[in-house]
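For reference, the structures are reproduced in the following blocks.
Across the two complexes that follow, chain A remains constant while its partner is chain B and subsequently chain C.
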Partner chain A sequence: MEEVKCYLPKTLKEALEIKAKVDVLPLAGGSDLMVSHKRTLGLTPVFEKPVMIIRNLPELKRIYLNEKGECCIGAGCTSAEIAENTLCPWHLRQAASRMGAIGLRNSATIAGNLANASPKGDTPGPLYLLDARVRLSSVRGDREVLVSDFIVKYRTIDLLPDELITQIIVPLSEDDFDYIFWHKVGTRKANAISKITLSQAIRFAPDGKTVEDFRLSATSTGSKTNRSRDVEKLLIGREITDETIESVVEGFDRIISPRAMPEFRREATRRMIRRFLSEAAKKPSSKVIDTYDGYHMTGAPVPRGEENG
Partner chain B sequence: MESRICFSLNGKDVSITTDPLRRLIDVLREDFDCKGVKEGCSEGECGACSILLNGKMVTSCIIPVGAADGQQIMTIEGISATEKGKVIIDAFADGGAVQCGFCIPGMVIATYYLLSNNPDPTEDEIRLGLSGNICRCTGYDLIVESVRLAAKRGGELWKK
Partner chain C sequence: MVVGDISRAIRRVDAVSKCKGTVKYVSDYSFGDCLWGRLVRSSIPRGRILAIHLPPMPDGYRFVTYKDLPEGGHNYLHMIATDWKCFAENEVRYVGETIGIMVGPDKDTVENLRQQIKIDYEEQTPAVTIDEGLACKGGAFVNDDNIHCRLSLKVGDVDEAFRKAAKVVTETIETGFQEHIYLETNGACCIPEDDHYVIYASSQCPFYISKSISPLLNLTPDKVVVRHTTTGGAFGGKEHFPDVVCGPLLVAAYVMKKGVKMIFDREEDIENSVKRHPSKVTFKTALDKDGNILGMDSVVCYNVGGYLSSSFVVLQRGCFHVTGCYSFPSIRSVGLGVATNTFPSCAFRGFGAPQTIFAVETHLCHIAEMLGIDPLEYKSRYFIKQGDTTSTNGKIVERVMIPEMLEQVKKASDYDRKSKAYKWGSGRGIGISFYNHGGAFTGNGEQAIIKARCQLHKFANGDVEILCSQTEMGQGFHTILPKIAAYVLGIPIEKVIFRNPDTSRVPDSGPTAASRSTMIVGELVERAANLMKPRYDKEEDFTVETHYEHPEGYPWDQNTFQGYAYLGYGWGVCAVEVEVDPCTAEITTKGIWSSHDCGHPIDEKIVHGQVNGGVLQGLGWGSTEVMQNTDGHFKQTSMSDYIIPTSMDFPKQGVYLVDNPYPWGPFGAKGMGELVFNGSAAAYIDAVSRAIGKRINRIPLPTEEVMNYMLHGTDLRSEIEEVR
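Presenting the complex of A and B:
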């Protein structure tokens, strides 16, 4: 079998120059690509096109808040780095902290998770919820696209041949909401692929009753992550009542299309929406509602920036 | 296509000219004789091939050797020669953690990684720390006990 070329750029500039000339497959953590291209013990994986290893590009490893207070996450940041960094929004940290096994979380990158565009991916749910954007860079310049547009459909992304994902920008965080929810249903506590994961957030108007903002996204419930502004609008501007809860539950049920075990996934989704909204209506003192308690993170959000400056 | 890849392996600078897409596990086992790096699942899930890459635990079966260029690698061979490694290995032996032994190099690496970051873990934290390492013999309880023993015996050592 003919060996493909492999590029080892040392800087982002060098990587973009290679990308401009050759249609290479960028490889960072390897947790998707090395597995999907593996052969058997002792044999080198076979790739259909040249590979460019970008695991250690320093430019892709930064996490910081920009002048607008948006969280900017380097494309090469691993799940573990995101889970540990209190600048990152709570929903995303939850998802990152429950992704695969520990060793894998030290390899798998956020950009890889998006580029893989799997409907079971862990990070798109929170990123859809918080209106996150991806920055795509090339020698021609940069452009930004909403994550929800970047993932076009199942395993398909909006990336031109000369572009590289360089940053994920998350404009919102838990600070923008009164109550937050993230729950992953997996078959095990650790090392689990999502059966269904729901991210939710709500903010009330100053009157304390009218819903000012409500968001809901679900993974593993269709060919891509689901979020519907039309469904969210069924609650925004209204109060939480049994009727408005059911309108959201029914509305969301209509937009999801789980393939395997559809009834289980639909029912779990319905229950988690009801749980979040009915609890939020009671105005509990805890901001976090029904998260996976005590397993990896304590659930209580640490004020942004407190730990890692 | 071959490239020259240089990295630090168990504290020693090494280099190899090879296909950068070869899996790190294969290079470590075949070219550097680190046979303690075991292959279980081949997809980064079972933890048998765990190593420390720049001090962080990773599974070497999903990493191309090109990604190790310029980096620092510690395998079980290096860990077991350290004071901390010896404490873990003795605790595993005394605690009866080992049956067939295949998962143990990875378990020792996971324990080293856990205790280096959290010198006095609770049982839940130990189980979480080992959650990426799969053992098909023992049911984990004796391994968890042995990690506790290593934490106790190591004491201040883990805070260094």
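Presenting the complex of A and C:
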């Protein structure tokens, strides 16, 4: 049987010291690494370097609001922990709650999702949208970078050899917006990988018409999550009209570059942007806008079939 | 527990052990110094093997190929046809074709050695799709036209129908590959014992394995004993495919003189196992001036893959079901089994029938919609009845309860109102389908080919053992058969013993396939129990045996495919309601309602489970289960990219049955395991096409395809033109 050398630090300090000395692969939930390193039945995974298991470091498990009111999420928090914690912003909770299957959500961590830097990852979309930062720690000290800069390109992150991801800081939440939108088109309705996921948010100026802020990010539409402040600025300071909607739709269409099923991904993106903005302009009472309201029927009989127990 | 009403559900005999996890599957067995095996397979779809480069082999490790067969051994697997080789010799016809098996004591070493084996090929241009196979891309490799097998059927004068037709509509309906995704992957062990070999295998048909692989060592089948291990799902994927697993194990055990075990991991199983045949059915239908069907001509093409194996029988069943639940004045059908460089296609729940049933259901919807008629109203003009002529010029023997089943489904689904209220293209739709499945082997195959036998043995302590070759693979047969015996004998079911079969101690009662086990073997057990009953109290230790007898007066000619193909069909009606997300084209299923006629149900809970599973599996085939193969390699190779539906996708089902006792089945039961798969995809596609107002000609239909049809599809009311 192949041997895997493992480090099991008990504190963050200890983990950073190991990271400073040894070229180790940090492993928290293992939901990406154990899959990518698995071999056939009955054989243990082979890792190209020693593994440092940081799954249970207490310093990486906290979620709290800092003095600026920013949501600080420990790197080792799982999707399930984020999904059920109301301190976390709505968009992120939505994404976390629809990531994979229940078992995966109980083990996969937010830092792992970022470090994996997959264009189909669930959490980067909301984090890009809300200007989230990632805290990178080492024995030399800490630094913070925007998530959108941390993920450099496909499967590539800005992490130095002695650094660990320790925290995700999200400065904005749904409270900063009047209307919010998050919709994932998965490969199926549960336990699904994203085919296209859109996050949107909008805030109106006190006049109720001028758009004060508008944000839009898309997942699975290119080599990394797409967001463009330039495209958002096509609407900011203006009112929602057919023309401004179309300028955003066209502007965003130009920045995305889906490789597989391009027509579907572009068309669904265009339709979801139009839907969100045209509904927001109507000022509905519900803060959350989704792709459609559903079809309501009056007097529809309840199916009388035996239902499954 | 004494069995009361035969239909009333009892607790499954395997419920507790399966819930507790105490049941042993093949990977749980260990045999002392058993070796481990891993297959080495072709990595190209078509070509010649030029050289095989092996790494140095440590003691006790060996790469076993066709060259290791003994003198007189035959390098083929006998699965109806004998063209599928156990080991490739010089030619490879598909990605995944077995070239050899790497064996040795340590798993890690075996795997490392396997990865160092390098094979040089001379690559040739593969033909992967049905069209490429028909066009003989890269040159024909089977016969001179790449047609493995063909048949034709004719009822009435179809040429006359086309002469009289006011309009002729032509269209092609396509279906894709489907992977079985049984819970337990394929696996087996082969252990040499005295003068014979013992195979432990996850499988459906233990006697098939003995017959198929014994020629490899030039042995008689009795020298290859198969001990069936409890099987975690099969769906047809373990009907013939275990031969492909067990053949190399047998040769390796012969060479190494030790036991050899092999278990596939999931990716290996998805990439290197049989699939459902992709199909392409082209209809040419003659209509009179009022839109009534005068005749229907069809060409049924199935993608058979590199070897014929069992596919001719699959194609036959496909053609026999091409008229679905309908009787048309005249029909003609030509079936073609197309050779391609893909993994050979094989059995999958429905065995060829789902493809043609999907095609005819969809074609009829399209004609109705072109004419502006509700598809249900149009289809109901042609419902087949008792005494009507079938696609093989036989008659329907039994009462057909489609009208009663339709009433149940209409009432439960509110079809009539919804079908009117949901305008085509409105975003909401309800669809309905009708389907059947001929139970057991075609024609007199049960008597001519299988000759099923079954025994009941009474022990002195009053226990009764059922001896037959039927297997439990999750479907509930370990409950069904003892329930029948216990009911007839009037003894508690706990006194009936029914073990996993061992071919050295049970008679051959045929394969657990073709929806035949309850219908045919259940009847053998019922009859045996009736023979035993008067002797039960008087005698201590005795055996009774029954043989299958085909009812007189229903002739069948297997050479011309004429006559009574099936004496007992299962029948089904299914309605599905959907709505479509106008932004994303996502489909939400709002309701699923079905009614089935499986004669008189032996256990309503088990029947209910089969309905839930079969309907869901059919919906997956029709919607999310995309399995692409354009270059000879399956593109989807894991559970995260081959998308089977969850209970969130198809949440709840209304399940209805009708009671229609079948005179030759146990307590009136007929087959139903495949029936329940055959129709749900057609109902779903009908619903989706009405919701988006576009004609849908192919499945699967993942979300991006729905969007594609929304953007570019043809309007339901437009004239039907052939889609190429």
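One rule holds in what follows: the second predicted complex is superposed on the first by the 286 of 309 C-alpha atoms of A that agree within 3 Å, B and C clash if a C-alpha of one lies under 4 Å from a C-alpha of the other, contacts with A are read in each partner's own complex, and residues count from 1 in each chain.
Throughout what follows, contacts are C-beta pairs under 8 Å (C-beta built on N, C-alpha and C of every residue); 3 or more make two chains touch, one makes a residue touch a chain.
From a predicted model like this one, the values you see are computed outputs, not experimental measurements.
Visitor: Give one of first, second, both or neither to describe whether A:86 is in contact with chain B, with chain C, with both, or with none.
Guide: Neither: A:86 stays clear of chain B and chain C.
Visitor: Look at A:55 in the shared chain and tell me whether it touches chain B only, chain C only, both, or neither; answer first, second, both or neither.
Guide: Only chain B; A:55 stays clear of chain C.
Visitor: Return first, second, both or neither, reflecting whether A:31 touches chain B, chain C, both chains, or no partner chain.
Guide: In the superposition, A:31 touches chain B alone.
Visitor: May I ask you to decide whether A:4 touches chain B, chain C, both, or neither, giving the answer as first, second, both or neither?
Guide: Touch partner of A:4: chain B, not chain C.
Visitor: Have a look at where A:190 lands relative to chain B and chain C in the superposition and call it first, second, both or neither.
Guide: So A:190 meets both chain B and chain C here.
Visitor: For A:102, select first, second, both or neither according to whether it touches chain B, chain C, the two together, or no partner.
Guide: first
Visitor: For A:41, is the partner it touches chain B (first), chain C (second), both, or none of the two (neither)?
Guide: Both partners, chain B and chain C.
Visitor: Quick check on the superposed pair: does A:264 touch chain B, chain C, both, or neither? Answer first, second, both or neither.
Guide: A:264: touches chain C, not chain B.
Visitor: In the superposed view, which residues of chain A touch chain B and also chain C?
Guide: Common interface on chain A, chain B vs chain C: 40-43, 189-191, 294-295.
Visitor: Within their complex, state which residues of chain C touch chain A.
Guide: Checking each residue of chain C against chain A gives 27, 38, 107-108, 111, 263-265, 268, 411-414, 421, 427-428, 579, 581-586, 591, 593, 612, 624, 640-641, 643, 645-649, 652-656, 702-704, 707-708, 711.
Visitor: Per the contact definition, I'd like the list of chain A residues that touch chain C in the complex.
Guide: Listed in rising order, the residues are 1-2, 39-43, 183, 185, 187-193, 195-196, 261, 263-265, 267-268, 271-272, 275, 291-292, 294-295, 297, 300-301, 303-308.
Visitor: For a test of understanding, state which residues of chain B touch chain A in their complex under the given definition.
Guide: So the residues of chain B in touch with chain A come to 1, 3, 19-23, 26, 30, 39, 42-45, 47, 50, 53, 56-59, 61-64, 66-67, 69-71, 110, 113, 124, 128-129, 131-133.
Visitor: Given the complex with chain B, which residues does chain A contribute to the contact?
Guide: 3-6, 8, 27, 29-31, 34-35, 38, 40-45, 47, 51, 53, 55-56, 80, 100-104, 106-107, 189-191, 294-296
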